[in-house]
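After this come two complexes, each holding subunit A, first together with subunit B and then together with subunit C.
Let's turn to the complex of A and B:
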């Protein structure tokens, strides 16, 4: 504990910049796939207690589609992409012209819909990771993604628990992707472990 | 929300009299524990995150977060409110494993550890376990109606179960 509290405004800006470069790169990839303009907002950085995470992400009681991937090695971190049900169904229509009225990943008919979303998630996260990797000049190891459709709180409680067992506090870097019409497409959340942050700072500051 | 509905957040617990419904949303690997006194019509619900407070590094722990402290604290509050431990009955929910990774270390299944810890503490307190709906890979929302002692379990794309 205490590490996150000791972050200077400069450190925070540096992390936000890293997040912006990551999301910017991801937005470019996504824009190429969806053939539309994608905008991103200024990222937000929050230091919270693990049990505050559901509220912090907003609408913890509603059902969402979440794509999850983690980084291992010297930079352990988690990535979450949170889609509203509505938005994930819209993407299905745009990309694979499939009309989904009600999400049910257990149904065999939705196998393609599910893989498509997971692939979108994978592309977004790997673009993000690649950009970060270049900026800090280190290779980052990304796990294959997993996808879940459920009440948001139930999907993320495992991450809250892991953090509650460890450092007691979480650092969340959030950003939103917006469509051409300024509608929210999804949220992307980057949760670096404490050790990751230390390594990121060491790499960036050490080289400047 | 109904004014007699009390929402129990992650790492919290609440007790209530007959006219209350205690609700907790989206239990994943967290475990929901209900304790009910059918004679006195009193009930409690805890939304437990971790097996034991013994691992906590900080001194001022949040009791509702851990299986052992949450159950003990809920029991003592139910007794203070007029409940009798002889009548107490428990039900447990949640403890799912939402994601599975091949590289996972042994003993990382937090849901399973939470379930074991809750059962262990209930046994220590000699409270019978009347029902359970645990494990698997989906989230559960539970609504505990204190007047009847019934617990409604709601999951996405699944029929509602009353236990």
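Let's turn to the complex of A and C:
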């Protein structure tokens, strides 16, 4: 199987443009939430093997916070937003003036912190979904966001290896958001199903 | 605002963070928050029990989504005043929510003034 590797330069460019619009919308939303200027680096879009994920995202044993949501309907896909522990704690300080020294989502005291991160994830994911919906002129259904605190290796095992069934490749969209004076860094991973890509290309190329 | 005449609002959103934020906006502007709901199902149940003057409704929620909840509420009270507050700003969803019976739509993230202005429009309408 090699669907992603078969993408033409035009297909990749189209996907990249879709992601760039989503990233731009997400930056605008994030800027409004955090009340700070957010700039973005041009997103990179790579076709990689699951085992190449760690080297693209950090040390396999590093602890991360992942917020994820599923899209269903004509555009099945997974969205993952991955924060380092430090970044998520920094956002807590910025947004809710809450000092979090150690992440423990099971603690009732961190309920607002956890909910805040989920809502940030939800708003960012919706920015992408809204942009995609506009481009393919279809309503996209999004699941409520969920959150996990785990090591990167487990996150990849759970979300990415499973997605590689039927294909031995993954489509990784990497974004970096930067806010000068209050830098926020995180990755967004977009894992569309093969059918989603086919639907997008068919619609945009006027084949649907 | 006179305490007896406070507008009663129910907030439906699965994120406690967002409910807290909306509650804060409303209370600072003289509204009374009579309840919170974390799912669409809970929103329908609390709307019937608490009889608020207005409800803010998220779209993506567990158990029952916001648009489905709007339909259920409007079925029992066709004059229900519902403000959608969602990050899902897709045109088709906005139209679907309005057709279901919502009176206005605010896309997250929002400024406090956007929520208050939308509520004022609904109450005046």
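Operating definition for what follows: the second predicted complex is superposed on the first by the 201 of 208 C-alpha atoms of A that agree within 3 Å, B and C clash if a C-alpha of one lies under 4 Å from a C-alpha of the other, contacts with A are read in each partner's own complex, and residues count from 1 in each chain.
Assume a contact is a pair of C-beta atoms (placed from the backbone, for glycine too) under 8 Å apart; a residue touches a chain by one contact, two chains touch by 3 or more.
The model shown is predicted, which means the values in this text are computed figures rather than measured ones.
Engineer: Would you mind checking whether subunit B and subunit C clash or fit side by side on subunit A after the superposition?
Structural biologist: Pair status: fit.
Engineer: Please indicate which partner A:143 is in contact with in the superposed arrangement: first for subunit B, second for subunit C, both, or neither.
Structural biologist: Touch status of A:143: both partners.
Engineer: With the two structures laid over each other on chain A, which partner does A:54 touch: subunit B (first), subunit C (second), both, or neither?
Structural biologist: first
Engineer: Classify the contacts of A:88 with the two partner chains as first (subunit B alone), second (subunit C alone), both, or neither.
Structural biologist: Touch status of A:88: no partner.
Engineer: Report for A:154: first if it touches subunit B alone, second if subunit C alone, otherwise both or neither.
Structural biologist: First partner only, subunit B.
Engineer: So, A:104: does it touch subunit B (first), subunit C (second), both, or neither?
Structural biologist: After superposition on chain A, A:104 lies in contact with subunit B alone.
Engineer: Where does A:112 make contact in the superposed view: on subunit B (first), on subunit C (second), on both, or on neither?
Structural biologist: A:112 contacts subunit C only, not subunit B.
Engineer: Return, as a multiple of 10 degrees, the angle whose vertex is the Cα centre of subunit A and whose sides reach the Cα centres of subunit B and subunit C.
Structural biologist: If I round to tens, I get 120 degrees.
Engineer: Between subunit B (first) and subunit C (second), which, if any, makes contact with A:199: first, second, both or neither?
Structural biologist: Neither subunit B nor subunit C is touched by A:199.
Engineer: Would you check which partner chain A:23 touches, where first means subunit B only, second means subunit C only, and both and neither mean what they say?
Structural biologist: A:23 sits against neither subunit B nor subunit C.
Engineer: So after superposition, what is the minimum Cα distance from subunit B to subunit C, given in Å?
Structural biologist: It is 9 Å, taken between the nearest C-alpha atoms.
Engineer: Just to be sure I follow: which residues of subunit A are touched by subunit B in one complex and then by subunit C in the other one?
Structural biologist: Subunit A residues touching both partners: 143.
Engineer: Under the stated contact criterion, what part of subunit A meets subunit B in this complex?
Structural biologist: 1, 50-51, 54-55, 60-61, 63, 68, 72, 103-104, 106, 143, 146, 148-158, 160-162, 164-165, 168
Engineer: For the complex, give me every residue of subunit B touching subunit A.
Structural biologist: 9-11, 25-30, 49-50, 55, 57-58, 62, 65, 96, 98-101, 103, 110-111, 138-141, 156-157
Engineer: Where on subunit A is subunit C touching in the complex?
Structural biologist: 29, 32-33, 96, 111-112, 115-116, 118-119, 122-123, 125-127, 129-130, 133-134, 138-140, 142-145
Engineer: If we count contacts the way the header does, which residues on subunit C are in touch with subunit A in the complex?
Structural biologist: Residues 14-18, 20, 60-62, 86-93, 96, 108-111 of subunit C touch subunit A in their complex.
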